[in-house]
Structures are given as C-alpha cells and as structure tokens.
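Heads up, the next two complexes both have chain A, just with different partners, chain B and then chain C.
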Partner chain A sequence: MKLRLFLALSASFLLAMAAACSRPGVDSEVKRYRHSDDGVPTNIDPLQAATVYSNQIVVSVYDTLYRYKYLARPYVLVPNLAAGMPEISDDGLTYTITLKPGVRFIDDEAFPDGKGREVTAHDVVYSLKRHFDPARVSQGRWLWDRKIEGLNQWMDAGADYDAAVPGLLAVDDHTVRVRLVKPFPQFMNTLAQGFAAIVPHEAVTAYGEGLGTRAVGSGPWKLERYTREQVRLVRNPDFRKEPLDLAYEGYDAALHGHLGIAHLDGKPSPFVDELWIDFIQESAARWASFTSGREIQMSGLPVEQTDIVLASKDPVALKPEYAQRYHLDTGPEAGLVFTVFNMADPDIGNVPDPQRNAMNRALRCAMRDAFDWQQRNDRFYSGLGEVFPGVIPPLLAEFDATLSRDSVTHNPERARARLAEAGWTAENLPTLDYGLVASVLGREMAEEFRGYMAAVGIPPEKINIKSYATFGDYNRALRTSELPIMGYGWGLDYPDAENVLQLFYGPNAAPGSNAANYRNPAYDALYEQSSVMLPSAARSEIYRQMNQMLIDDCVGILSLSRRRIALWHRDVLGLPDRQILGGFWLRFVDVK
Partner chain B sequence: MAGLGYLIRRLATGIPLILGVTFISFLLMVYFGPDLSFELVGKNPTAEQIAAARAQLGYDQPFWVRYAAYLHEMVTFDFGRSVSTGQPVRGLLADAVPVSLALTLPGFVLGNLLGIALALLAAWHRGRWLDRSIMAFSVIGMSISFLIIIIVFQLLFSSRYGLNFFPVRGWDMSSPGAYLYYVTVPTLAIVFVSLGYNTRFYRAVFVEEVGRDHVRTARAFGAGAGIILWKYVLKNSLIPIITRVMFSIPSIVIAGSLLIESYFGIPGAGKLTFDAVTTGDQPVLKAVVSLTALMFVVVLIINDLLYRAVDPRVALT
Partner chain C sequence: MSADRPHSLWSRAAQRFVRDRAGMVSAVVVLGYFLVALTVWLGLGGQDWGVLGSDSFAPVSAEHWFGTTRNGQDIFARTVYSTRTAFEIGLVVAVSSVVLGAVFGALSGFFAGSWLDEGILWLKGVLDAIPFFLFVVAVAYSLQGHPLAMHVAMIATFWTTTGRYVRGEVIKLKSMEFVEAARAVGVPQGAIIFRHILPNTSHILLVQGTLVFVTAIKAEVILSFLGLGVQDGVSWGLMISQSTNEVTAGFFNNFIAASLAMFVLVMAFNFFSDALQDALDPRKVSA
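The block that comes next holds the complex of A and B.
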C-alpha cells in the first residue's frame, strides 16, 4: 500500500515537472512584441472599427490615407497611403488626394490568382461607399453622413456600386476626388480612422461578414490568427519600405531620448516580426501576466495597483523597484467623463413656463454645486484625474486653462441657497432617475452622487437609481431619452474640440450623441458657424463661447479627464499610444 | 426491440423538454437580453438608421415568427453568424467545445477519482481523525471562492511572486507538451475546488453503504478493507456516482468553466456563452441553449441505460 502511494506521488511529481518544463519552444530568430489590452476587438471589419481595440488592429492590417505622427503632440496628421497632403480647393469643398503607386494588398485567396493586386483610388471609393450600403451595418457612417456630395442619395437609390457618386470619384487609378456638401475641417482626421481603412472588393465578396475576424489589407501587418482572447499579427513582407524619419515624426531627444528608439532612424518599419495582442479584461490576471513577463506592455495600470506601483501621483512616478523594470508614460486621456441632465425632461430640463424653467435651472446648478469632483477623483480615479470646467478636455489645443473653476468647485452652501431661492423643498422636488450599468463601481458612484445630493437637502429617495444589466441597455436608455440624469463618457474620435461640442448640438439630440437633448439656438448657430472653420484663434474663441454656454446653462456636471498610465518593459523600444482611436505606433515598435 | 422502443419513447418525451427550455430561454433573450440595435449604428444615428438596424437584427418581427425561425434553425442546426464577430456559429462552437472539453476533462476526472478515493477512506475511518481531517479539508475547499482559488493559483504557479513555472493565460494543443503546459494550473484549480464537493457527496453515499448488513458480513468473514471498499461499497454505490457524473457532462462540454476560461484566457465554450449573454449575441445563445437541452436529453437516456447496466433490477419502461 505504502509502495503504491509512493509510486503514485512520484508519478504525479514527475508529470508536474514535465508540464512545467514543456514550455512551447521559443524561436530565438523571431522578434516578437506582445502586449495586453483591457478589452476585446469583437469585430475587425473597418465598418465596425468603433473601439480602440478594433481600431488598433484595423490600422495595423489595413491602410488608411492618413495617420498621426508617431511622437508629435498635439497630434499631427501626415500622409500614410496618400502620397501627400490633399489639394484643397479655395472654398474648402474639394479634396484631391493622390495615392502612393505600387502599394499592394497582401496575397490572399480572395484574389483570382491568390496574389494581392495594387491598391487603387477605386478601392478608396469602394471602402467609403460600403459605409453607406443599406445592406451593411456601419458604425462609421455618421462621420460622413450628409457631408459628401451625392453619397446619401446613392444610398437611398439602392447602393449600386457601379453607379458613380458625384462627390466621391476615382479620377484615375491613383487619384481620389472628394467633394463635400459644406466645409468639413475634420474630414482629413476621419481619413485617419480605422473606419476609413481600404478594403478590396474581392475580400468583401469572398468573405462577407467573415471580415469581422479576418483581414485582407495593405498595412504593415498581416492577420495570422484571431480569437477573442488573442490576435496574432505577422509582418507584411511586401509593406512599402519607408524609412522612419524620427525628426519628421516629432522626435525630441529631451522628451523621447529615454525610449531608446534613436537607432531606428532611417530604417524601414516594422521592426519586429510578430505582434501578439492578448485581451485580458480581468485586471488581476492582466497584471499577473504583465509582471510575469509574458506581456511586455500593458494597456493601462489597474486602479487597484496604483498605490502599490506609484511613488508619487503628482508628478506620476514609479517606485524604484518598478522603475528599474518598466518604462512609464502618462498624460490626460483623450476623452472625458461627466454627468448630464436631460434637458427635454420637464422635471429638470427646459420647459415653456419661464418660472418653472428658472426653477429647473436652479435645481441643475444646485446639483452641480453639490457634487464634489475632488472627492470623486480621489475615490474612484486614485486622485489621478484632471477636473476641468466645461467639456473641452486638457489634451486638446483649444483647452482653456484660464477658465473659471467655479463650476467644478464643491459649494454645498450655494447649492442649498439656490434650492431655497428657487422654492425647492424636500417635498416638492421631483423624483429623478439616475441611470447606471449594473456593476459594483457604478453602484458606488451612484450612491456617492446620492450622498452629495442628500447633503444639500435633496432626499435620497428623490434620486432613484436605475440599473441596466448591460451597456447596450444603458445605451438604449440614453438614445431614447429615458433618463433625467445620465453618466456619460466620451473618447475623442479626432483631436478637435468639435468632437465634444457636437455632443450638445441640437440636431444631434437623441437618438444622436446629444443625450442631454440640449437645444439652444445660440449654441447651434455658433456650432454651425465654427463647424466649417479651419483651426484659428477665431474658431477657438467660438469654442470658448459654446463651452461657457454649457457651463452657464448647467447642462451637466462637467467634467473629468482620467489619467492614462502605460507601463512597458525596458526591453521594448517605442512609445505606446492607443488614443484617438489610434494604433499606428505598433508599426514602429521594436524589442531588444 | 424493447430497448429500441424505450429509446424512441425517451426521445419523444425529450421533445417537450427541449421546446420548454428553448421557449423560456428565447423569451428571456428577446425581452430581457441586451438590445444591439443602438450598438451597431455608431454615434449619431438617425431614427431611420436605428430602424434599419432593428430590421437587420430581426427585432421588428413578432415574437412567434422569431421563435418559429429559431425552431427551424434548431432542426437544421444552422444558427447563422454571430452578430458580434460575423463568424458562423457552427464554426465558433466547433472551435470552442473541444477546447472546453480538453480544459475541464482532466480536472473533472481527477476531481471525481480523488473525491471517490478520499470519500472511501473517510467512510471506512468514519468518526476518526482521518475522516475528520478529510472532511475539514473538504469544507475548506468548498468555502473558498473559485475566483480566489484561481487568483491564488495564478500567483503561486504563474507569477514572479511565486514559482512562475506555468503561463498565466493562453491555450495551445499543438503538442502534448504544450497542452500539459497550459492545462496544468487550470486543472489544479478545478480539482481543488471540486474535490471538497465531490468528497462530501461521495462520503455520504459510502457511509450509508458501509453500514449495510452485507458489508458487516464481509467484515465478519475477514475480508480486507480493499476488497470490501472496491467490491461491495463502491460497486453498490454506482447509481448515485453515475447520476452525479452524467449530469455534469453537459456543463463540461457546453458551458465549460466561465471563470477558468476568463481568467486563463482560454477560448472555450463558457467564455463564448458568457460573451454572447453580455453582448446579446442571440445566434450564439440560441445554439448553446439548443445544444445544452439536447445533451441533457441524451444524457438522461444514457443515464438510464447505465443504471440498467450496473443494476439488472432496474427496468427500462
């Protein structure tokens, strides 16, 4: 019996040792970069490249006409597949874009002989038309909706791909001409998004919806494997050999010297053979995987690790033991979080009766005064977020650091005074629904909100917490104006304040992105005026006025930009940045 | 012939079960599942675009029409494509189910075998320190959350704070070595968490059997512990063992282990199902529900046949 037990234990031990030693072989010849992300790219068809996770894959395997410079901040657009910046007519309506010649799609069975053909202007036209094909669901259509001459009419007429769209023409194989309905200064930014990635029609015909998990592009990488846990990309050997010009990309030795990328200057990218991207939503597992060395870069530091890893929060610095192992990059996120009131809700928004209108405004302003942004930041964002008035976040060039901070200062006395002055009492206050996606964090935030309100005399029972099982359900509630009070987050699509100011443009009201249903003719007029202007001091001034209107009307409790903290092992040479629906940096990364 | 008749009768009685399960599940999916139409239309949709998305998803159809379509899909076992990724549902399941099986089977088998062995020991030494120690261990195993076990095992075996012998995440079955490398820690976690439940359950069964007259008689005749436990206790306890094992099979094959798959990044059926629930991917959910219901019917039949095989007194009626 004892012998049997001994044999069994020995066998178990040997099996465990064999398992531990059976690590799959690592090919030392292969240079592999590996990182983890906190979300999953559910669909990598450019039509669905709506998340940072999808977008970074899409811009890696497909080409876009333009991209952002690798290192320059604020972000600067540069040609990618385009041979140069576009020729823009004097009226700002016609863009003529020339493509680089000789760029080829990867070899794929979708092509008649399995060999990738040249990317032409017709592919650019086809790829943009796809978004307007009623038979397909596109998350990017809104970018160009009613903005390109004839494109909406083409859609309404049945989307015949052989039919020409007057405002979207391939003049020849290497020239695209786009004619806009009205000036759209952010048009070029939209051409740097994954939505604008160039897809060959052969791939769409061959794979249809299958393009959600496979890719036939002309980007620096080829998709080797897609699962919901991991994407593997391999270098596209036929990618155009363009030497990296660090100075052109915004390299500054003082800022970027520590990245160890100077030796890459003049060499054609990509610099590694393979990219493996793991999608790990559970932060504990993501952190364990990163610190074990399996991933060499992670998308962001989990909040629960902040105090363990950081030596200081202002400025953000790592503890020595972590600084020895990891690089750190930090800065405000390209986005913001805030709370808005439903201005179409008679209980809290705009109403025809002037007296009630004034009461509602007082209520909104009182709730804003009651809210303690500093405490929200400390409790939920490790004190690393940046609270700012209005909706133009610190990352943008139009951010006004001189704007009064009165609207983001906790002022319970003034909140109580506003309520009393307007005639609100605990009895006559309306009961308001506060929506959230069901989660512990969401619940905690809602309870904290209720606590702030209770402190100024708005009883907890007057704030009804309404929980939604999934983000999809919450999104539906926003789009159908179900809620009087809504938590909101916005990631920038392009580095221009127009992208956040459009959140309050009247015609964008629900089901559009203006979930607050804010309708202010003066604001709308300024928006329409600025929306056709190129960046200038005059446009910034209009933006400032619009921002101030939102503050004065107490449309919401505005705003906070979270701080992004990226960590990567010292073996990695590069500057990770997935913001602004980015991912272009992946073509420049190197490993020791 | 009687066996064939029994089989047909059981399959026929399985149809209402499948219809009931699919109907209730579909009702929940339609009326309580996430609405994808607002997800698919981008940031500034018009009411027409939302209506078009709803039509594409079939949301504009009456419930009964959608349920009839579901039944048709079930009969043909063609559930179309995943709404999230665009992949064929059949292909998704064909990829995920073998992974779940390969992931959970070693832990399931080991957990049950060890559970039976420990339960036999405990039952034989009932009331003594060995029994108490095994039961204390079982209670501890049952008391610790599976999530905690996963995180602790990851720290212990797969991180720089522990042995760092195994990967935190991933899956590879390209060779036996790679499979062992990836399956070891999940298997240990599954065994640890299931051992407590299994041991307690099997001990209760064996204790009852150990107290029976024929076991006492065998002891009186001087039969050894091994013979008694193996020949008289275990054999006579096969009915509850079969029941427990058989009813676990559908969840092993289809549901996999959500927590294990999520935390170890393993592309199995559990994660696929969970993602489908949270994203409202109805084609995937419909396939999983159908397959699970169908498997339960098959398991019930096999279960009855096994009862008959181990105990000839059981009649197939």
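The block that comes next holds the complex of A and C.
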C-alpha cells in the first residue's frame, strides 16, 4: 500500500514537472522590460495625471493628440493621435485638428459586446469637457481654465455633455475645432500631456471613479495589473502599426549610436511584450533591486552611491566597472525643487492687517535667509545640482544668469535681524506645519530645515513635521492648502518658463497648481499679458519682472535644479527619459 | 519567635529576586537606561539631537562618540534621546494596556458566563484576530497621522493578554473565602472587584507590565522603521530606518548605535522580566 502511494506521488510529481517544462508561452518567450520608480501613481485617471508617475502610465495606455519626438532635444512636438499638426487661424485663436482614422479603443466590457470602437473627435471633446465637469475633481483643469471659448460657461451651466461648447467642437468624426479666448502659445503642449488623454465615455459610465485604477484607452499598452507596488502593461495588439522613423525622431548616430537602437528603424513599436513598473520609494531598496538585476533600468542614482559609482562629477562619468554594465545619461533637470509658503495662511501669508502682513513677510524672508541651499545641494544632491534665484530654471531659454544671488545666499545674521526687527520672539512665533512624504530622505530634509530655523532662533517645536504616507497623499495636502510650508518639486510640462510662473498665478490657487496661494494683482496682470505672447525679448523681460516679484515677496525658498543621472543596464535598448512629463519613450524601448 | 514569623509574598519574592544574579544584573542595566531617559526628560542630556553640524557622516571621534549623520547631527545624542522615546512609549503602553487588561479581565472574570463576559471575550477575540501591523495602519490612518496613533494601536492590542490572565485569576479568586466574607457583610460588587480581588492579581499585572513594556519598545522600532511609528522626533527605529540608505554606502554608525542600544535594553528587560516572573510565581514563592 505504501509502495503504491509512493509510486503514485512520484508519478504525479514527474507529470507536473513535465507539464511545467512544456507549457507554451512561458516567461522565457516573453520580451519584458522592467524598471522601478521612486513614487506611486496613486490615480491613473487622466483627470489626475498630475505626477510624472501617473503621467507615464496614462500616456502609455491612452492616446494623446500630440507627443514629443523620442530623441530630439530640445523637445519637439509631433502628431500622435492627430493626423498632422493643426491648422491654426491667422489670429492664433482657432485650432483645427484632424484625427487619424481607424484608431480603436481596446476591447473592454465597458463597450457593447466588449468590442472597442473607433476613437473619434467626439471623444476628444468629451475628454476635455470632463475636466470642467463640477461633479469631478480634476487636477488638470487649470491648463485650459478660461482659455477655451464657452468651456467655463458650460461648466457654470451645469456641465450638460449634450450641450455644445462653441470653442470645443467635433466638426465631424475625425475633426476637432478648438477656439481659444485669447492666444495661448503653449496650447499644443498641453495636448501632449496625460491630462489631455482620450477617454471613451462608455468607460467613464461603466467604471466612474474606478478609472483611477483601470484604463480603457487606445495607447500602445493595455493595463494588465495595477497595485500600489507595481503596474503591469502588456502590448496592445491592435495599436496602429506605425514604423519607427529614427531620423524623424531625431536620431543622430554620434549622439545615439551607443544606445543600440539603429536596428529598430522601420519597425512598428512597441518592441517588447510587457512593461513592469515597480514602485519603490526608498532609494536604497531601489538601488539594491537595480544592481541585483531585478530591475533592468532605473531613473536615478541615489546620493549615497554617487562617490561609489562616479569617477568624476564634472563631467559626470562612471567608474570603469560601472560603465561596463550600465548606460549613463545625464544633464540638468527639466524642473526644480523648492519650498513655498502658504500665502493664504494667516500665520505666515498675506493678511489684511498691514502690520501683521509686514511681520509675516519678515518671517518668510528670515526663513529664506536661514536656509542653506549650498549645504542642501551638497548633502542631498551630491553637490551636482544648481542653485538659482527665483523659479526659472537654468535649462530654459528665459533663465537669467545675471539675477542677484542674494536670495539664495545663506545669511543667518540677516535672518536673526529680520526676526528681531519685526518683533518676532521664540514665544510669539506661530507653530507651522512642514509637510513631507514619509521616507528617509524626506525626514532628513525636514530635520535639516528645522535645524536651519533653530540656528536663527525659530525653536524646533515651532516647526511641526507632518508626514504623509505617499506622494499622492502629500499632493492632496498641497491641493487642499492644509500646510503652511510645502517643499516639493516641479517637472516641466513643457519647455517654457510660463509653466513655472503659472504656479504663482492667483486664479490657479489651490486646488489648482498654485499651491502657495500667491495672489498679487501686479503679478497676475503681467502673467496675463505674457501668456498670449510668443517667445520674444519683451516676454522674457516680463518673465524677469514676475520672477523678481516672487523673490521680493519671499513667497518661498527658491530654488534648485537637480542633475539628472539615469543609469540603465546595457541589455536595454532605448533612451529612458521621464522629463517634460515623459512616458512616450516606453513605446520605443527594446531589450536584448 | 521572630525567626518563625511567616514572610509576606512580596518579601519572599524580593528575597528570591535578589538571589537571581542574572535578574539583578539586568535590573541594574534597565535602571541605567531609565536614568539615561530621566536625564533626557529633565533636559540634562541628549537635547542636541537635532542640531546640524558641518560634517556629514563624520567617523567616531572625541567630539562625536558615535560619529554624525548626513546632517552632521551627533549620533550619540540621538541614541541617548531615543532612550527617552523608548521609555515614553514603553511606559505609556505598558501602564495603559495593563490597566485596561486588569479592568476588563476583572469584570470578565467576576461576571463569567454573563453577557458582559461574553462581550469582553468577543472583543478580545476580534482584536486578536486582526494582524497587528494592519491594525496599526488602520488606526494611524483613522487618526490622520496623530502622534499617539501608534500608542493607541498598541494599547488596543496588548491589553487582551493581560485581560485573559486576570480573568482566569479572578475566576479562581472570586470563590475564595475572603470574597465570600465581603459579600456576606454587604460590600458592593464594585468594591469587591476593585478593592478585594484585583489587588490580589498584582503579581500578574507586574509581570505583564514588564512584558508589554519590552514588546512596545520592539514594536516601536519596527513601526518607526516602516514609517508608521514615531512621526516627529527621533527613535532607535527611525535611526535604523535612516541607516538603510547609509549601509549601502558603507556607513554603519547609525545602524550599530541604535541596534546595540535597543538590543541591550531588550535583552536586559527580558532577563528582568523572567527573574520577576520566577520571583513572583506563587508556587515557587510559597515553597
């Protein structure tokens, strides 16, 4: 009996082994690209594509009308779902955009019979209208707020989707016509953002808020799995077969030859079957995952590893043992990091009482003087970042290298003097919350901030550290104005200083992008004046004035641009780039 | 005559404890830690844990006994200040959960078989069934990151064991003669429970208190490491968490300092708790 049982178990085991070995479609046949990110896309509904993490997923699973060229730098817009660049009227107000015919949404239960239908101009109109539906929370509404004829009125009238918006019309199934209220030079760029991704109304009806964790689009990828730890995307087999034209995408053999992508020319993307994106917030864990080979690409080099991995910082170069294993791409960040004060908070912001207003300004300026940017750069960015006054980063053409560096110079004596002159003492200073995302680096930065303040007489107990579990939670706190002091980063949506200056435009106040709730009529007037201007010396001069206002009002502790150091394994063929709200590059990546 | 006088349970337990060499050494170590925590409470030491220095990751030196952090903060000062954090959490959680366990256990035991007993047993069962860390996350979330979220979660979870022991002891005690006598002279039920029965469970409460204390310290370190514990300030858990980025770059000071400090205290408290348990064991004491 025992022998029979033993034989039966042995046979079952062998059969199971044989079955496992002969299973079709096993992992070895699947071409999979995998990388990790340092933040979680808490919501992948295009309405909420406010972070690089969300945007990356959104532009992969949905279509946008336009995208950026894969390799060309500076970034160049090209048609994506649109058949070509728009026809723009002479007054610069009317954009007529033709869609590619025959593009289909993926098959999904949201559609009748589960079969995806063709993407039409009506979907484009619907997707933009959604941002203005008062029943929905949109983090992208500010992009088109008061800029498209009749769209705000449509929202105020109750957002009836059957009612036409004069400035946002589907002329026919494949033509969209947008009429702007005033010239908006960055309008085309906004159509390349995840916010402008095309969503079918059937999916919104079927899933509602559930679109935050599932996707029904027409992009190159289909969402297979979404968790807070990982997103898995699989190739959309019905994605339009457009061959990759490397020359058109900006390929230069001298610059890009080492990437090993030349053989992809003329082949339709995507080139891999699956994308796995892991979300690992702690840099040590992410680095360990990368170096162990679990991830085959990563976006940044942890500061602790800088001296171990780099042979030199200027120019940035890898040590030979790392150069053998990894590709390196480096350059200034298309964005900035800074700390802003909540100007709507009576403890530190603008108040009607002139005396208190002056005291609050003195407090803000003192905190700015107390902050040591150089030390922040050395300790948290390996000294590779670039500290600059104001908010226009060095990467942009409008950057003013001649601007006084007084506002970024560590000056604790002046900070103490400002506090004393304004009548602030350790006793009467307000207690201010400083928000952070619960991570080791976030906590260390908060302690550093509190240490700088303590050094000029602001007691540590007056800076209350408030931590948030995820960046999504923290981002929500920024949008609800619950913090008086907010440190965060801004990645450019498009290469134009308007994109950072709008962060302080009054009507964009929270829940819009103006988390500082800065309201200055003079600033707003200049912003409105410049927002309709094309790049010119006159516009740059207005930008300079606005930048100076932010410095003079001590709206924040401004700013630093990090150096981007991307490493990826040599068996990955592609150019990873998540800048300018990137993510489009994922459709072109290949693995050996 | 005096040599024949019977000793009380407490004096015999004290004699037994004093004879336990490991117990005494561990008590001295625990007392040492407590004195360190006391100096921090009194503002006499460890107050500079947040002061920024000019040298990042400085090695061990006469100025910085355990080196410095990325922010140039003195790791020795942070280790010392963390002792206060550990004792603060340990004491609050131990006292609160033991009191809660004693009250619920006594009520449950005295009214064994009643709806009150059933209700308390059900509550204990429910709380014990929820995975601890999941429960802490839920409490932390519902309290919106309140600094006491971790304390609340621990107290709500840790009282159940004490409650179970006390319930058993009270069931045993309530049928004893002194309780019958109290009933006979008309002492109210509340007074019988809290003035006559509960004091007789004090040996259980003392041992449970030490066990909960050390469990709370360990839980704090784990929770803080995971980002669910101490939100503002410094603790050994936060120091170990901080070291995760540093050890990959070859800097171990934070990790060693916090781990060693916690290890010695936890070990000492475990020995202390064992010795106390042995000393207060009625079977051994009465032998």
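By definition in this document, the second predicted complex is superposed on the first by the 377 of 592 C-alpha atoms of A that agree within 3 Å, B and C clash if a C-alpha of one lies under 4 Å from a C-alpha of the other, contacts with A are read in each partner's own complex, and residues count from 1 in each chain.
One rule holds for everything that comes next: a residue touches a chain if its C-beta (ideal position, glycine included) is under 8 Å from a C-beta of that chain, and two chains touch if they have at least 3 such contacts.
Note that the coordinates shown come from a computational prediction; the quantities given were computed from them, not determined experimentally.
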Please indicate which partner A:Glu448 is in contact with in the superposed arrangement: first for chain B, second for chain C, both, or neither. second
Using the superposition on chain A described above, determine whether A:Ser439 touches chain B (first), chain C (second), both, or neither. second
Quick one: is A:Ala285 in contact with chain B, with chain C, with both, or with neither? Answer first, second, both or neither. both
Please indicate which partner A:Gln305 is in contact with in the superposed arrangement: first for chain B, second for chain C, both, or neither. second
Using the touch definition from the top, say if A:Pro511 reaches chain B (first), chain C (second), both or neither. first
Figure out whether A:His327 sits in contact with chain B (first) or chain C (second), or with both, or with neither. neither
Who does A:Lys222 touch here: chain B (first), chain C (second), both, or neither? neither
Is A:Arg376 in contact with chain B, with chain C, with both, or with neither (first, second, both, neither)? neither
Who wins on chain A residues touched, chain B or chain C? B
Could you say whether A:Gly472 touches chain B, chain C, both of them, or neither, answering first, second, both or neither? first
Just which bits of chain A does chain B share with chain C as contact spots? 282, 284-285, 288, 469
What part of chain C is in contact with chain A in the complex they form? 50-52, 56, 69-71, 73, 145, 227, 231-232, 238, 241-242, 244-251
Per the contact definition, I'd like the list of chain A residues that touch chain B in the complex. 15-16, 18-20, 22-24, 40, 42-43, 45, 48, 50, 134, 137-143, 145, 208-213, 227-230, 278-282, 284-285, 288-289, 291-294, 469-473, 475-476, 479, 493, 502, 508, 511-513
Seen from chain A, its contact residues with chain C in the complex are 282-285, 287-288, 302, 304-305, 307-308, 378-380, 438-441, 443-444, 447-448, 450-452, 454-455, 460, 464-469
For the chain B and chain A complex, residues of the former touching the latter: 32, 34-47, 49-50, 52-53, 56, 81-82, 84-87, 151, 154-155, 158-161, 163-172, 174-178, 180-181, 183-184, 262-267, 271-272, 275, 278-280
